[in-house]
Every structure is written in C-alpha cells, then in structure tokens.
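Chain nomenclature is as follows: A, B, C, D and E, assigned in order of appearance, with residue numbering initiated at 1 for each chain independently.
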Amino acid sequence: MIQTVAELLFQGATLGVLYGMIGAGLALTFGILKVVNLAHGVFITIGAFIAIWLTSLMPTVPLALIIVATTVLCALLGAALQYAVIERAMTFRDPSVPMMVTFGVSVIFTNALAQFAGADLRSLGVGSIAQKSLSVGPFNFGLFPLLTLIFVAVVFIAVDATIRKTRFGREVRALSDRPDIAALMGVRVRLVHAQVAALAAALAGVAGVLLAMRASVSPFSGGENLMIAFEVVVLGRLGSTKGALLAGIFLGIVQIVSLRFDSNAGLLYVHLSFILILVFWAASGKLK
Amino acid sequence: MTFKYANLLLIIGFGSLSVVSSLLLSSGMLFLLTEVLVIALLAQMWNLLAGYGGMVSLGQQAFVGLGGYGLYVFANHSGLPVWLWIVVVPLMVGVAALPLGMLMFKLKSAYFSVGMWVAAEILAAIVMRTDALGQSGGLVLRPGGESLAGNPERILFAGAGLLLIGTIVGLRVLLNSDLGLALLAMRDGEEAAEAAGVNVRRTNLLIFCIAAAGCAAGGALYYFSTLYIAPTDAFQINWLISMMFVSVIGGVGTLTGPLLGTAVLIAVRETCTSLGLTGGTYWIIMGTIAIATLLILPRGLWPALRSKLHVPKTEKEATIG
Amino acid sequence: MTTCLEVRNVSMRYDQLLALSDLSLTLNEGQTLALVGANGAGKSTLMRLLCGLLTAEKGEIDVCQKPLALGRPRASASAGLALVPEGRLLFESLSIEENLQIGRSQRGGVWDLAAIYTLFPILKEKRKLPPSALSGGQQQMVAIGRALASNPRILLCDEISLGLSPLVTQEVYGVLKHIREQGTSLIIVDQDVSRVTAFADQVACMFKGRVTLAGSARTVTLKQIKDSYFGLTT
Amino acid sequence: AVAAAGVFAPSIARGAAKTIKIGYMGSLSGSRANFGQTEAWNIEKIKKHVAQGIMVNGQRYNVEILVRDSQSEAKTSAAIGAELMLRERCNLILAQDVESAVVNGEIADTRGFPMISTMSPLESWFFPRGGAPGKPFPYTFHFFSTADGVLQSYVSMLNQLATNKVAGSMFLDNPAGRAIMDKNRGWPHTLAQNGYAEIAAGPFQFSTNDFSNQVAMFRDGKAEILSGFLYANHFVPLWNQILQSGMKPKAVAMVATFLFPSSVAALKDHGSGMLTEVWWTPDFPFKSSLTGQSSAELAQEWEAGSGQQWTQPLGYGHALWEVGLAALAKAKDPMDAGSLRDAIASLSVDTVVGKVDFTNGPFPSTAQTQVVGGQWNASKGKYPYQLDIVENSTSPTIKTTATVRPISYE
Amino acid sequence: MLKTVGISKSFSGVPAADDVSLSLQAGERVGVIGPNGAGKSTLLGLLLGTVLPDRGQILLDGDDVTRLSPHQRVSGGIARAAQIPMTFHRLSVSDNVRVPAVHGAGLRGREAVEWVDEVLEMCGLAASAKVAAGQLGLLSRKRLELAKAIATRPKVLLLDEVAAGLTEPEIETIIHMVETLSEGRAIMWVEHIPFALRSVCERLIVMDKGRKILDGPFAHVWDDPVLQEIYMGVPDDNLS
C-alpha cells in the first residue's frame, strides 16, 4: 500500500514537473507580454523535433550539448517570431489580435513540421540511462525521471530568481504593467519583449526535449501541450513561476492517479479537475 | 425602411439562387458546395460570438460534433424522418448549451477561450468513451435502421443555402435591434454595460446559445452528407481553425466578411487540390493569409475593400480596433 | 538665465483631430511653468509629446539647446525629461522600492534612493509593499519619486493633484517646492489654477492646441487666464 | 478566377472514349504514412501495366487511375471519397486505408459505387461499418486476415516459449484496438482459451504520455509477456518504463507494433526478439497474377528501386490492384456498377499475398487472407534487422525460417 | 428612498466599508468627502451593485436590493458616474448614451432618440455626438460618464469625482447641472473639491477608513475639527 502510494506520488511528481516546465514559458508570455500565445504548444513540439533531428544528425554528441543547442535554436526562433510578427500584433488594442495571430502561427508550424518530419509520434532515445532504476528499500524509482525532476527544479529556481531579483526581471515586470511608462524609464521595450519571448521559447524547447525523452511527441501534440500549459499557468496564478511548478505537480498527480483507476482516461480527468477548480474559483470570486 | 427592403432582396435573390443551383449542379459539386455553405455558416457563428460578442471561443467544434452526433443518434433510433431531426437537433443543442454557457461565463477573456477548448476536449473524450455512440469507431447514418436512399444532397444544399441566408438576415435584424447595441457596448466593457442597465449575462447567454445552435446546424448538415461520423473527426480543432481563419480574413465583426473569407478559403483549397498539394500545405497557406491579414489589414478584407469601393456601410460592425 | 526647454512650432494630430497646432513654448533653467487650459486643450498631449510617447507632425523641440528626437521615450529620458503621468500609473507588480529603482536606470545624480526616502519618509517605511497598498497621495509620491530617480533636468507633472484630498495636495506641493530648490525645472499641470499659478514662476495658457497666453506668474492675472480659457485672447 | 475554373469544371472533357475510372484512396501522408510508404511505387507500376488499357469480354477499355491522399484524416477521407465517387463518378474505388473505406462505405453502398479495401483486420472494417451477420453490404468489400487469425499466430508463438503464462495486455483506443480487445472475439478470449492468465490494463488514449500504471500492474502481477495492440510510437516510452521498473519480459507480443523495420530500429540495439504478425514477406510462396513476379522478386525490385527495406504493405498494396483488376476483368460490363459488384462478390483470385476469395469470407462481403507469426532478429545483411517467420500453424504452405526465442538481456 | 443598514466590505482583510448605515431622501443632495482610500468609491459601488457587501442590507424604496445585480438596480432607479470613466470606446458618443437610455431607462424609438439628444445637449457633448468615445480625452470621457448615468433617468444619482480635473469655469457648469438634475432625485456626490460640494449639497458625509464618521447638515459638518484634521489640513486661503 505504502509502496503504491509512494510510487504514485513519485510518478505524479516527475510527470508534474514536466507539466510545470510545459507551462513555464507560457507563464512568461501570458504574465508578462500579456499575449495569449497559442503557438506555445507547437514550440514545445519544435523543441522536441529539433533535438531528435540533431541527435540523428550527430549521434555521438552528448545529450547535454544537444539540449543546449536546442534551447538556443528555440530561443532564436522565439525572438525572431516576436520581432517579426507578434510585436506588431501587440500594437492593436484588442488582445484577441495577438491571440489569433499566434493561433495562425501554430497552425503553420504544426503543418510545416508534419510535412518535413512526418506526422508520426516520435521520441528521443537517450540510451540505456532511460531504463536504469534506483532501489530505495522496497521502492523502485526510475533514475531518469529523478534526474528530470532535479533538472527542472534547478531551471525553475533560476528563472524565478531572474524574474524576481535581477534588473532584467524588474524591467520585465514593469513592462508587463505599463509598457509606455516603462519605456519612459529607459526600458528598451522591443528588446525586452524579444528577450522574454526568447526565454519563453527556450523553456518550451527544453520542455519539448524532456517530453520527447520521457514520452513521445508528434507534430500534432501541440494542442494537447498547449492545453496542459494553460492549465498549469492558470492554476498557478498567472505569471508566477513557482505557482506554475506547483500546479504542474498537482496536475501530474491527478493524471497518474486517474490513470490508475481508469487507464483509458487520457487527459480527461486533468481537464475536468482544471475546469472544476476554475469554476470553483470563479464562483468564490477569486477570478476577476 | 430601405433596410428591410435590402433584407427581402437578399432572401429572394440568394434563396432562389440556391434552389436553382441545387437543381442544376452535379451531386459531387453539391457535396462540395454544401461544405462551403456549412463553413460560411460556422464562420458567421464564430464571428457573432467573437467579433460581435467579444467572446473568443476556442471550443466551437464541440457544437459541430454535437450537432452531427445528435442527428445520428436521434435519426437512427427513432422512426421520425431524418429531415425533422436536422431542424430539431440544433435547437436541442442550443438549449443544451445553456448550462455550459452559465458555467463558462464565470470565466473571462483568455480564460473563457481556453476554458471552451478544454470543455470541447472533455466532450470529445466522453463521446469517444460512450459505447452507445460507437466509441472511437463512430456511427453510420441509418435513419430508423435503414440505409438512406436517394440523392439528399440537393435538398441538403438548398437547405444549407437558405439557412445561411436566413442566418445573415437574422443577424442583421438582431444587430440593429437594441440587443445589438447592448452587444456592442458589452464588447467595450461588461461592467460598464451592466452599469448602464444592460443584462449582460442574459445577452451573453443568448448569443452563446444561438452560436451553439448554429454550429450544431452546420455539423448536422455536414455529417448528413457524409453518412458517417467519427469522434476524432467531428470534434476536431480544424473546424475551429476554419471558422476563425475565414472570419479573420474576411473581417471579424462584419457580416459580409465571413462570406468573403469563405470564398478565399475555397479558392485556396481548390487551387491546392488542382495543383496536387497536400492538406498541410493548404493549412500553411491559409495560416499565412490569416496572419498577413491580421497584421496588414487587421479589420479584414471586407472593411478595407468596402472603403476602397466606396460601398456604404449598411451593417453594424464591431471590427477590431 | 539659459533656456532649458524650447518647443518650436509643434503640431500633432490624432487621426483627424489637431491636438497641438503650431505650438511654441520656452522654459528657463530652474524655473517652474504652470501649464493651464481648459479640458481638452492639449496639455497632456504636449506632456506626452515631450516624453516621446507621441510623435509630432511637424516642429522641433530642444532640450538644453540640443535637438530632441521625437517619439522616442528613451531619447527623452536620456535628455533629462521625466514625467509624473496623469493618474500615477505605477508598476503594480513591482514593490515601492523597485518602482523607484527602475527610474534610476537612466542616469545617476543627487536623487538616489536615500535622497528620495529622506524626502518621503513614509515610502521608506512601505518600501517592500506593492503600490496598491498605498493611499492615493502616497502613490502620487511614488510617482514623483520614480520620476526624480532619473535625476531629471525637467520634471513634468500632469494633473498633479487630480483626485487627491486637500491635505495631501498641500503635502505634494511642499515636496515640489523642495524639488525646485534643488535646481530642477518643472512643468506643472493642475486643475487648481490659482494654486499652481501662485506656485509657478511662469504661466502658459493653452487653448485648442496653442499657447494663447504666456508670461511671468507675477504679471499675469487670474482674469487674463480665465479669458484665455475661452479663447478670448490670442 | 483560376480557382473558380477548377471548382466548376470537373472533367467534362473526357466522356466519350470507353474509359474505366479507378479511384484510389490511401494514407500517403499523415500519421499512417508508413502504411502508404510503398504505395506511390506500387501505383506507378500498375499504371505502366494498364497503360495500354485492359481487355474485358473481348473489348478494350482505357484505364484512368485517380489517386487521392487521405492524409490519415477522416475529414479528408470524406472529402476525397465524395470527390472520387460523386464528382468524378469512378467505376471502382480501391481503398488502401481502412479509415477511408469506413468513412466512405455508406455513401458507396447507398449510391452504388463498388469499393474494395484492405490492410486492416476484417473486424475493424466490418463492425464500425455497422455490419451484421448474414447481411452483405451491397457494394463494399474488404479482404485481409481476421483479427482472430492474427491472435492465433501470436498465441502459437507464445506457446513455443517457456513462460509463466501470465500476459499483461493493453490496447490503443481506436477501432483496430477495440476489435482486438473484444472480450468474446479478441485477445482476452484467445488468451483464456489457451490457458494464459491476463493482466488486463485495458484501453488507453492516443494522448497518453505515461504508462507507469500499466507497468506497475504488469510488474505486480509478475507478467512475463507484454501483449496487446499499439503502434510503435507508444512503445519506446512504454519500454523505457518497463525496464525502469526492473521487469524483464520474456516476450513482447504486441499486435501492429513491429510491422515495420523502422519501428524495430527505433529501439536501437534492443530491437532483437520482438514478435509481430506477418501478413506478407518476400518468403511467401505466392506470385503476382499481374506480373507473374514472386514475392521475393517484388521485394527485390522495390529495394533496388527505392534503396529502402521492404515492408509488409508492399505486398498488400500490390494485391489490392490485383483484386481490383481481376474483378473488372471478370465483370460482364465493367462500367456497370451492378455487374462489377456481382463480379467482386463471386471473385476468387490468387495474388502475391495468397488466395483472395470473397465467396466464403468469415463475414459477409469479406475475403480472409493468411497470416503467420514472425520475430525480428539482428541481421548481418544490409539492414540492421530481418524478419523471420517462426510460426505457421494456420498457413502451413508458408514455411518457417527460424524458431521463436525469448528476448535476451545480457 | 435609498437606505443602507450596516453594510461592510473588506478587500483581503482591509475594510473599505465598515458598518455603514445611511439613508437618502428624494430631492436630497449629499456630499461625501474623506481622505484617499477612505472607501467612498467602494460605498458607491456597493450601492450600485458592482461591489457585493460582505454584510448588511441595501433597501431601495423599502425593497431589499442587496443581492440584485447592477442592471437590475439601474432599472430600479440607481445610476452612477464612475470615478474612472467606463465608456464604450468603440461606440460613438451618442450610442454610448443610447445604451443606458434604452436598457436602463427602457425607452424605445423616437422617445429614446430625443432623450439621448437632450442628455448630450445637457452635458455639452452634442458637438461630438458622432465621435467614437475612445477618441475623447480623459475629461470628456468623464463628462460622457456623467451623461450615461443621467440617461438612465435615475431616482438616485451617484456621482464619483465628476468634477475632478476640471477647471473652475467647468466646475461651475457641473454645479449648475447637478442643481437642475436634483429635482425629485437623490444625489450623492463624492468629490475632493470642497467648494463644489459646498455650493450644491445641503448635507455632508465624511468617511475615513471605511467608516462613516460624520453625517449632518453641510455647514455643521464642515466646521467639525475632525474633518479639518483628517482632510483639510492647514486652512487654505485660496478656498475659504
């Protein structure tokens, strides 16, 4: 019994930090740029596919380097997209404009990816480390999920500190409140926007790589991941990275526990619990 | 008064056009054009909700699926004629949307958008798991247990045409009424509208239910023509993408825009088909057109075209701005 | 006395509406200008233009005899202009201290955090709190402090006492006096004309986008100002 | 205006000559693209074959082939189906993709368009189509092995291994998975009949990204056999979690998972020992009724032409045309739907995948083909893995090439 | 006409309205003052229904309206001009006023059109009737906000800093307007400009920290030392 519960919690937590990671980038764009970035899901997929592509191109290069390269490529893509497209969409007063634009972007990227890489589910082989396990007493933990957990925690702490403690973080937050006044304070608006977009895309890319290592991704899994990201961000109270992590872990545990009772649930109970919490919050006036 | 006259002209003109063409065109062409009309109808509904109502829903595909499934279930298991159900099912979906709307309107803006998407996903998952609905295998349309004989696409096409015209005229009347004014006001500020005496909740719900019923009608019409329905198809996000792109390209918050957008969509699709391009390429092209429109002419083609051609504004608009 | 701000023949429009038409204005180093005018005269527009939040259709602006690039908030900020905007507009997700710090990113000078805290001791007490936890007047102090932190040559205050209780307004004016004594030039817009003209060295009166009356605060009478409100003087 | 011309002028120009139009639907792209990987090549070959037309009842007919890609999507399938039938009025529809066949089946039946489909177990076509025993469909036909046949060959492979006879099972929730999961006809039934205990983890959604519960169930139940139905793309994460849990299954008997060499290659060095059902290999002792080529010759021609390893759909893709052309040849009037339908219903033809006989299928309107069992083994040849036939209990004409062995973990 | 019984509201623990009881009679003009953050706007929000009280009761003509939504109260005869104008920025000025005329006052057809014109004229917005509200400056928007409130034909009119930011001559116009409007209505006016209140209101309420601390005839309350201390500061020669 204890063993089952411990394993459920461990699996839930390791899946959950992955969910948190999936939501982290969106928390930035949503919370700071005030852009409902519907292309976030496809960025995750792109990250995964870049890593898969790089490893197949250079099978001997160590994984860490592949992750770094993927992150950089995603960041560049994110910044470029922000500069070229989203920035302009943000000048319209109507917030649905950037939302619809990013929706268009996600449709384009999804289909382009399917054209180039095929529509199959793919995963990133990381060799035998993915299959190692660790025994602590009667418990059996996968080594790889444990490493993911630690890695994600480190990334989260770093991002959180950057946003809360540094000058960059201060500018980012100021910008999200009042872009025009921030500009007057010497903040380089477009640059900071692009930096945030790059950071968000980089986080999405990392999430994609982790996802491809643990599970599998297809060009069409963007929608699913976007939904998870949204749920994480909303439950984590907008823009808060710590909240995103906790919400991710919550959803991860819901997912694992619900699958235990109903293996065919897919994401059904995750979605249901999200909607229920949201409605509960709304009813008790927690959403404005 | 000229306004009423214009509406009448619309009904008579396009109504007879759709009836006449339903008699003249081949059944394959009618199949295609029915889908075109359905997309135009769906786009009008999304546009009503998002463009005029300011409620950007990402879950309208749920109602398309419900319309289709509703038709199949009721027609297959009752002795009543299938044509009756094609009228009744959308109304039922419209009513069924009421509780969902009451739930969803607790969420605002982006929360609403995504909440709708999640709700659609939940619905699709439930249908996919329901034995009576054929699970992932889907259903075949056999009204009263018998295979459907004859060529229904003529009636379907004429019906879709008349429904679309009816919808447009209906929307014109609605938007020029006091309710339309309330709708436009709410888009700029719900609290302000409320403080001005508008019953925001009721208006929102009404629009939501109308849009749900309209999408269900589209779904019922479309899946009537295919005779087979599957959950991964009926609830797919591509329905939503079509509605959204068509509205955005033609002009969100106008009534003519979605029609123009549908024309663009169909032109692109047929060009892609005739050039032998894949579906992916088609979506890439549509996405690019939609983004370009949003960035260059954020109000869409129709408002831009209208001022170029000096066509006077005869409809209430709620364009992006 | 040197001029520190010169606005020459500036015009600016919103769509069709001409908000500033051929407007000219000068301000001397260390002086305070009271900018008055009816509702919609274009005062805020001028302020926002000076700060680069809007761009002009024609005309030039010199700050300390150097031309200012228009429509570029960062250029205005580095030229030494700072704005206390209409309605405060503080950064809600930053603490009070961070609100003040962000202003500092431009240039150093006498107005560091310590100096601002000496000026507004109450802010030091509340420095960890978000602006929403402050009263309206305290928020106005933060807005002033934030602008000061960039060590401006010219401080622009739009609707400085809008929505403040008389007690708080008095305090704010006390602070402005202090700032002026440090040698900073000021442009103040305030609905309370008698108070602001009594405080200022110069007065400029705007009507429909142009300056209809300008002069020393000591020579211009309230009667003249009232007339210019309705466009009776040119 | 260009596009409008495309919309409103569907092939009026080619009416007069006696031309048989064959409409082809297949998953050439999209999520089932690897089933369609060899199709373009097959179709080119057939096009050459019928370039001079075909002879039916002493009369020469031109053959026009219209190829449409279903993109592995139901909605596209509906669109291309309507196009081929209602717009182009094809005389015969061939569907390589079962989804296209199911989506368009009802229209074909009600409007009278003969359609032949393949490449999916009979049950996964018959039941979603709303089929009932003793009631043939008017115009639609399907040939393939049965799910039951597939399962029999799996169980007979397992019988050759020394295991504790405990099989964990899990199934992707789609029509094919549901057919195999069926309590009365499917895998649970087969296992029980053969004395295996089943640890049933049930169906799972395509979007599932974690299998720890299934793995925990299998581990706690001490399953030595991993079985069920899923496509290769779910297998890698599943396999990772299996090994993380400390399990070492002796056999993997997953329907559909290892049909393709690419799926085995995705396991890097760990692919050896995976079991699969075998519909067709170059070792099948059959010949094409069109070209006279043997199975081996067909595979060789493909490998030489494409530089890629043969796959099982190569044979069925070819056989689909064999069946279609044989039906046309047999029809009194190939342009008449009714007589073509009658020709198919009474058709029995020897193809490269074996005999296809519509007169005594297990379900109405179907023909059952043979299936055997295979195991992937490391190869010293050009490609990393080779498929060996290790079980032929239901089809003794097809010779085995190796014996089954458990997965080894050294 | 309008009566509150011990209403309270706090935001995350901080009381913005604390046990406030008051009543308004027809024809009464009541001024409300108090330091920033005293809870004046919150009080008006409670009366209109945009803010729901944690405790207490609100009665309109003797009926309990505590739980009614704002639009229901508007139909019942309460209207507010908000401190931060809430105009419909994409609608024209006249449509802005039409919304409350139709949905608030329940007017139809010609009657509505005439009423809208009348209100626009009254608020000095007739010239910009066709302009989109988003194009107006802050202060014109405030005026439009007032027009919208008047257009509902309220029995109780709540004004929140409608004169703030206006110059003296403009304030005079507002004062005149309020005087005309007050016939048969109750008016509650929150403002930081004492002289404006003084020339209109016969009664004055002082709030601080969410509590109603003084309530009585204007002159009486005005001279209260408490008011001088918390609100006015040192006597200001410009005003008195």
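Following the convention adopted for this analysis, a contact is a pair of C-beta atoms (placed from the backbone, for glycine too) under 8 Å apart; a residue touches a chain by one contact, two chains touch by 3 or more.
Because the structure is a prediction, the values reported are computed rather than measured.
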item: Neighbouring chains shared between chain C and chain D, ordered by label; value: A
item: Distance-maximising chain from chain A - centres being C-alpha averages; value: E
item: Taking each chain's C-alpha mean as its centre, the one farthest from chain C; value: D
item: Separation of chain C from chain E, taking each centre as the mean of its C-alpha atoms, in whole Å; value: 29
item: Inter-centroid spacing, chain E versus chain A (mean Cα positions, whole Å); value: 47
item: Chain centre separation (chain A, chain B; CA means) in Å; value: 32
item: Centre distance in Å when chain B and chain D are each reduced to the mean of their C-alpha atoms; value: 37
item: Overlap residues in chain D, where contacts from two or more other chains coincide; value: 29-30, 173, 205
item: Interface hub residues of chain B, defined as touching at least two other chains; value: 125, 278-280, 321
item: Complex interface listing, chain B residues touching chain D; value: 26-32, 35, 125, 128, 134-142, 147-149, 153, 225-228, 230, 232-233, 236, 238, 266-268, 270-271, 273-274, 278-280
item: Touching residues (chain side chain A, partner chain B) in the complex; value: 30, 36, 85, 88-89, 92-97, 99-101, 103-105, 107-108, 110-112, 114-115, 223, 227, 230-231, 234, 264, 266-268, 271-272, 274-275, 278-279, 282-283, 287-288
item: For the chain E and chain C complex, residues of the former touching the latter; value: 33-37, 83, 135, 137-140, 161, 164-170, 192, 194, 230-234, 236, 238-239
item: Chain A contact footprint on chain B (complex, rising order); value: 50, 54, 56, 103, 106-111, 113-115, 117-119, 121-122, 125-126, 129, 237, 241, 244-245, 248, 278-281, 283-284, 286-288, 290-291, 294-295, 298, 320-321
item: Chain E contact footprint on chain B (complex, rising order); value: 178, 181-182, 184-185, 187-189, 191-201, 318, 321
